[in-house]
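By letter and in written order, the chains are A, B, C and D; residue numbering begins at 1 in each of them.
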Amino acid sequence: MRNKLRAAVVGATGVAGQQFLLALSGHPWFSVSVLAASERSAGKTYGDALGSTGWCSAESPPPEALPLCVQDASLLSETAGRDFDVVFSALESEAAKVIEPGLAQKVPVFSTASAYRYEPDVPILIPGVNPEHAPLLLVQKRRRGWNGFIAPGPNCTTTGLAICLRPLHDAFGLRRVIMTSLQAVSGAGRTPGVLALDIVDNVIPYIAKEEEKVEAETRKILGQYRGPGEAAAGSGEAGDSEGRIEPLAIGVSCTCTRVPVLDGHTETVYCATEKPAPLSAVRQALSSLGQSLQGLGLPSLPAQLISLREEPNRPQPRLDRETGRGMTTVVGRLRPETVLGEHGVKFVLLSHNTRMGAAGGAVLTAEWLLKLGYFG
Amino acid sequence: MRNKLRAAVVGATGVAGQQFLLALSGHPWFSVSVLAASERSAGKTYGDALGSTGWCSAESPPPEALPLCVQDASLLSETAGRDFDVVFSALESEAAKVIEPGLAQKVPVFSTASAYRYEPDVPILIPGVNPEHAPLLLVQKRRRGWNGFIAPGPNCTTTGLAICLRPLHDAFGLRRVIMTSLQAVSGAGRTPGVLALDIVDNVIPYIAKEEEKVEAETRKILGQYRGPGEAAAGSGEAGDSEGRIEPLAIGVSCTCTRVPVLDGHTETVYCATEKPAPLSAVRQALSSLGQSLQGLGLPSLPAQLISLREEPNRPQPRLDRETGRGMTTVVGRLRPETVLGEHGVKFVLLSHNTRMGAAGGAVLTAEWLLKLGYFG
Amino acid sequence: MRNKLRAAVVGATGVAGQQFLLALSGHPWFSVSVLAASERSAGKTYGDALGSTGWCSAESPPPEALPLCVQDASLLSETAGRDFDVVFSALESEAAKVIEPGLAQKVPVFSTASAYRYEPDVPILIPGVNPEHAPLLLVQKRRRGWNGFIAPGPNCTTTGLAICLRPLHDAFGLRRVIMTSLQAVSGAGRTPGVLALDIVDNVIPYIAKEEEKVEAETRKILGQYRGPGEAAAGSGEAGDSEGRIEPLAIGVSCTCTRVPVLDGHTETVYCATEKPAPLSAVRQALSSLGQSLQGLGLPSLPAQLISLREEPNRPQPRLDRETGRGMTTVVGRLRPETVLGEHGVKFVLLSHNTRMGAAGGAVLTAEWLLKLGYFG
Amino acid sequence: MRNKLRAAVVGATGVAGQQFLLALSGHPWFSVSVLAASERSAGKTYGDALGSTGWCSAESPPPEALPLCVQDASLLSETAGRDFDVVFSALESEAAKVIEPGLAQKVPVFSTASAYRYEPDVPILIPGVNPEHAPLLLVQKRRRGWNGFIAPGPNCTTTGLAICLRPLHDAFGLRRVIMTSLQAVSGAGRTPGVLALDIVDNVIPYIAKEEEKVEAETRKILGQYRGPGEAAAGSGEAGDSEGRIEPLAIGVSCTCTRVPVLDGHTETVYCATEKPAPLSAVRQALSSLGQSLQGLGLPSLPAQLISLREEPNRPQPRLDRETGRGMTTVVGRLRPETVLGEHGVKFVLLSHNTRMGAAGGAVLTAEWLLKLGYFG
């Protein structure tokens, strides 16, 4: 393949930024050449900015990152395109709102921040799930006059849910979804993070804004893309000149809770479907997701996007979160669901919130868009 | 009041049995005079049977229990009625199946075991929730020729759910219920119990037979009692000569999980209702449950059967499980539910699984039935 | 008794401040009339300053505190003596350094901060342990020209250790002490506190500055007080005109670790003694500590300062930390120690770090000094 | 190298047995050809014996093991030597006492059981630590008339301690050692194991018989081997005709505790030494352990037997236990120790209790003895 693209990791000192470094370590297509963070860390080497206690993964930091000089994220747009070809952003949402557009003017930006997820010209992409939304990036570039684009990934709790719902919707037609999440503490990062004082021997049945995000993002990811000028089928309306995503018009009702688990979000999901959904067909649908990607040679793509477990007591976060190096959604406890609607299925899913649900998913999306020619 | 009734605690050495001792310690109506357990402990003092490591609550064992000689539970029916007037049974289900009938021949038996919950002449009573089911105990006595009766409490996961659904059904008419539980480890007791190896940093998304129990028990507790000869309204059928409970004909769909919490089951509940259920009316309905009991002077009755929390992040097991000394179900996160049906409400409840959900609930039921004259 | 003294709680919104409110709730001698915190909270009611999620104990906040208007701690000295008679300070050390002297000019200040612990005219008092150090407060007042004084309590890890070492030193003469602590997360408070991400399924074998504090404070608390002009016995030197505490000249070697426990510091202690220390005599010595206090009627004094457990597997933080409402140090696993020296004893102690080890201990000290007439 | 040796894993269904399967999976010298367990599992395939919930590691069971038919361990000696060439035993101590000798009559037995550790003709071997004890196996064979031998590894808590003390003793001469352990729950296995009910939010300051084991085993491992007829230097006595290990005559004093950690034993260690032990020399000594092994090509040997961490807050079990695939002991917090004796050092060590501390260590010992020609 071509020479490696030079990547900048922005927000590099936080938990999500560290995950980007791990996801990109030894990557065959991208090499991390620039690290940026807040002004406080700027000018220090990455090793010094972390200090002796700032790295928070059992995997060691990539040694080649330690001597890099951390740059001030707010000034990074000046060197975009010249010093780096692509950005992986782990910024907090407020900072992302301000900083990411300047970077996207010049290079593609893959972000774990929520800042731009709900803009009409921004798709929330998951490879294998909504490839038909990718062309909206071209609309975004044209409309905003950018050379690059912003491609945010979904909220970590949305990721596993959308991955499982896609094949179910395609096969059986979703009517309604109810979901309760049992989320890991790493999803809250370190600032402020979840205090041990608050979660040991406890459940916190609330995560601010999470339920709204999951409900809106799920409908958007499963929605239908109308290209510029393309009318909704049978609508008689003129198409939108800009192109847009029409959210899937189904109800999604969530309760998001925090539990004393380090990594891996567990979700109990109840789906009502239009058509009968016998378990054998459900298994077939879930197992087949993402097969079209398998030939592309994407380095971060796991062998399966969804892995089914037949044991009655799986998936479990501690035992199953590393499946496919954290890139596989693990599903178990498949049972018919007949209370939520005439037909349907219920199940439990597990998705690694800092891998496929954050940095790993963003890197996979970058690989996929690069392969599709979106890097221009 | 009268002299205290002499109580036998059966299965006294296990977690649930210890909870009975705590619930009965200093009780104004019952005094523990007999302790029974398996043959292995029989003949030892209770203190010796526990050994130095067998007591598992932060509250100390009642000192008056320590010198009592533990009796063999399988032989206890011989002295029922002579040495004790009422039984609190914390037996495992298999043992309960064999031992409880012999005791019920002579005295009332209040049990945390599931063995008899699903028999047609056995109500699953919760004071304040289904008082109209109590007369089925008279049918049971007559039909089985017993002087006493078996009154089992619900499964600990059913308890909080049924308590919350009762007033909602009365006020708005339930159509469908979906529930996900996050259950504490104390619910599994000590034999075998939940190993730390299995639950630290983990969720186990399965508890054997739990979902079936919760679904069946909830429908039964909310069901309609037909007394002997009483026909279902408008059915045109002859009544059942024996009396029976017609389960509520609604769908209840559950996923039961285990989380690293010591005590207190958290449940996320989604209800569809027949009528609109504005949150103010929901609050009113939930808060009012059990008011008719308040005048009876039941020693274990808490000030409120249901307590509402308005903070967004409550109830939490560690902070809220001791509300009303563990006898109050705490409800929070009330929100409209419009995905499951046209009208409805969703919320999070917390119920103390070893207090109201087990020994405490059984003692409260005993107090209530004693007051109603059922011991006679 | 007299009218209640009006107390100000400074640093009232943090974990330690909340513990002061609990320790003072319903207190017969002190009534909380003033709350102060940082500028950020000033001007709000205490309830508003906490917000819906800022209270962090399972016990509810005292209702009478909620409507109090929080004052700016840095301005509080202006009203000292006029609006309140005594201060309980839960300030961070840096803030304490600045704020406490202004308050002590007018009223007694009882503090959990370390800021003044190591000053030569400041004793670190524990009732029952080093009453002979109390007169140093008079030296402090005179020397500094204050009406009040600063009386800091020890570090929460020192507390239990000093309590156990005092009677052992008196009875057998300490020569050397080695201690490893297993500390609870509540000791780190909420800012920054210990993240769940860092401590679930983990031990952190380091707490910044803790070991130095414990070693120095233990020697000081067990040290000998020389009043003004009083020479060290046999030293031939002139006495110190100011009075001072001569630290106990023994080696104390510590390793302080953090474990996934909410409340209650466990410490494994190895002592070498001058004289033989048979276990029966050790039991006798430990059990007798603080008997002279029992007649004073101090409201926060527990029935025993030290409680001995004979079971092989006690003390355990979850089971034993509430002993004496968290004011009793629980000791178990007494065994002869012959490796550290010719004679000695080893044991495990448990001390509640936010009760006796912080707010509760400070309130007890205030009660004791009030009774002794130190409030002037 | 030669054809692979056929290995039997005895006690294959328990936690330690599963660890043997993982440690031997893909092993270049040994292939697992026989699995044995209690009568209850005998006759089933290994997959069926585990059932759907019996495997307890996040790593999957080696697929080639699942179809093997589990044999009855008590009958295994009949086929020893014919069907397998070496035994890895994870039996409980009582079963090991009975079963291991029959196997050792024919083949070498590497065991995690304590049954034979304290016999005079049985060394407790750790490669790189006490190679001079290996010849005692020849004495054992001759004396007992066995073709094979029993080579038990140390208790999992002894392992890391002995590994660190060996180079310190060689370099500085140990005089006294004090150790407090914070042990993981996996050390207790599954039967009975540690209940979540007992350890969540808790410390248990006692593990039955553990302290005695650690103290005795440490002295034995560090002891001096006298070959047959070899007298103690300068003793003037005749040598022991059988050969024996003279335990190191130093005091070792321990307190063993259980903490809520899944894997990895943390130990705080205080050493007094004969000679000065400057930290630079201590680092040098610790880092050099086991260098003589590096040329042998032992498949399970990690790059370093001891790894030093200079960060103040390491080692931590969750972050460091997988160092060297769990075969490296990680040491940090090196500080001078001057309380326990004139010279000395204190530190914190971390050792993976189910890898180097159990199955992994036993496999490494087998590799080493095979290389040395002990398999005869």
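Of note:
Operating definition for what follows: a contact is a pair of C-beta atoms (placed from the backbone, for glycine too) under 8 Å apart; a residue touches a chain by one contact, two chains touch by 3 or more.
Keep in mind that this is a model prediction, so the values were computed, not measured.
Steps from subunit A to subunit D, taking the shortest chain of touch contacts, total 1. Looking at subunit B and subunit C, the chains that touch each of them are A, D. Among the pairs B-D and C-D, the greater number of C-beta contacts is found at C-D.
Summarising the inter-chain layout, the chain whose CA centre lies farthest from the centre of subunit D is B. If each chain is reduced to the centroid of its CA atoms, subunit B and subunit D end up 49 Å from each other. Measuring from the averaged C-alpha position of subunit C to that of subunit D gives a distance of 43 Å.
Annotation for subunit C: residues touching 2 or more other chains are 200-201, 260-262, 312-313, 318-319.
Subunit B makes touch with subunit A in their complex at residues 176-178, 180, 182, 200-206, 208, 251-253, 255, 257, 259-262, 266, 268, 270, 312-319, 332-333, 337-340, 346, 348. Within the complex formed with subunit A, the residues of subunit D that make contact are 52-53, 57-58, 200-201, 262, 310-313, 318-320, 322. Of all residues in subunit C, those touching subunit A in their complex are 15, 56, 185-186, 190, 193-201, 260-262.
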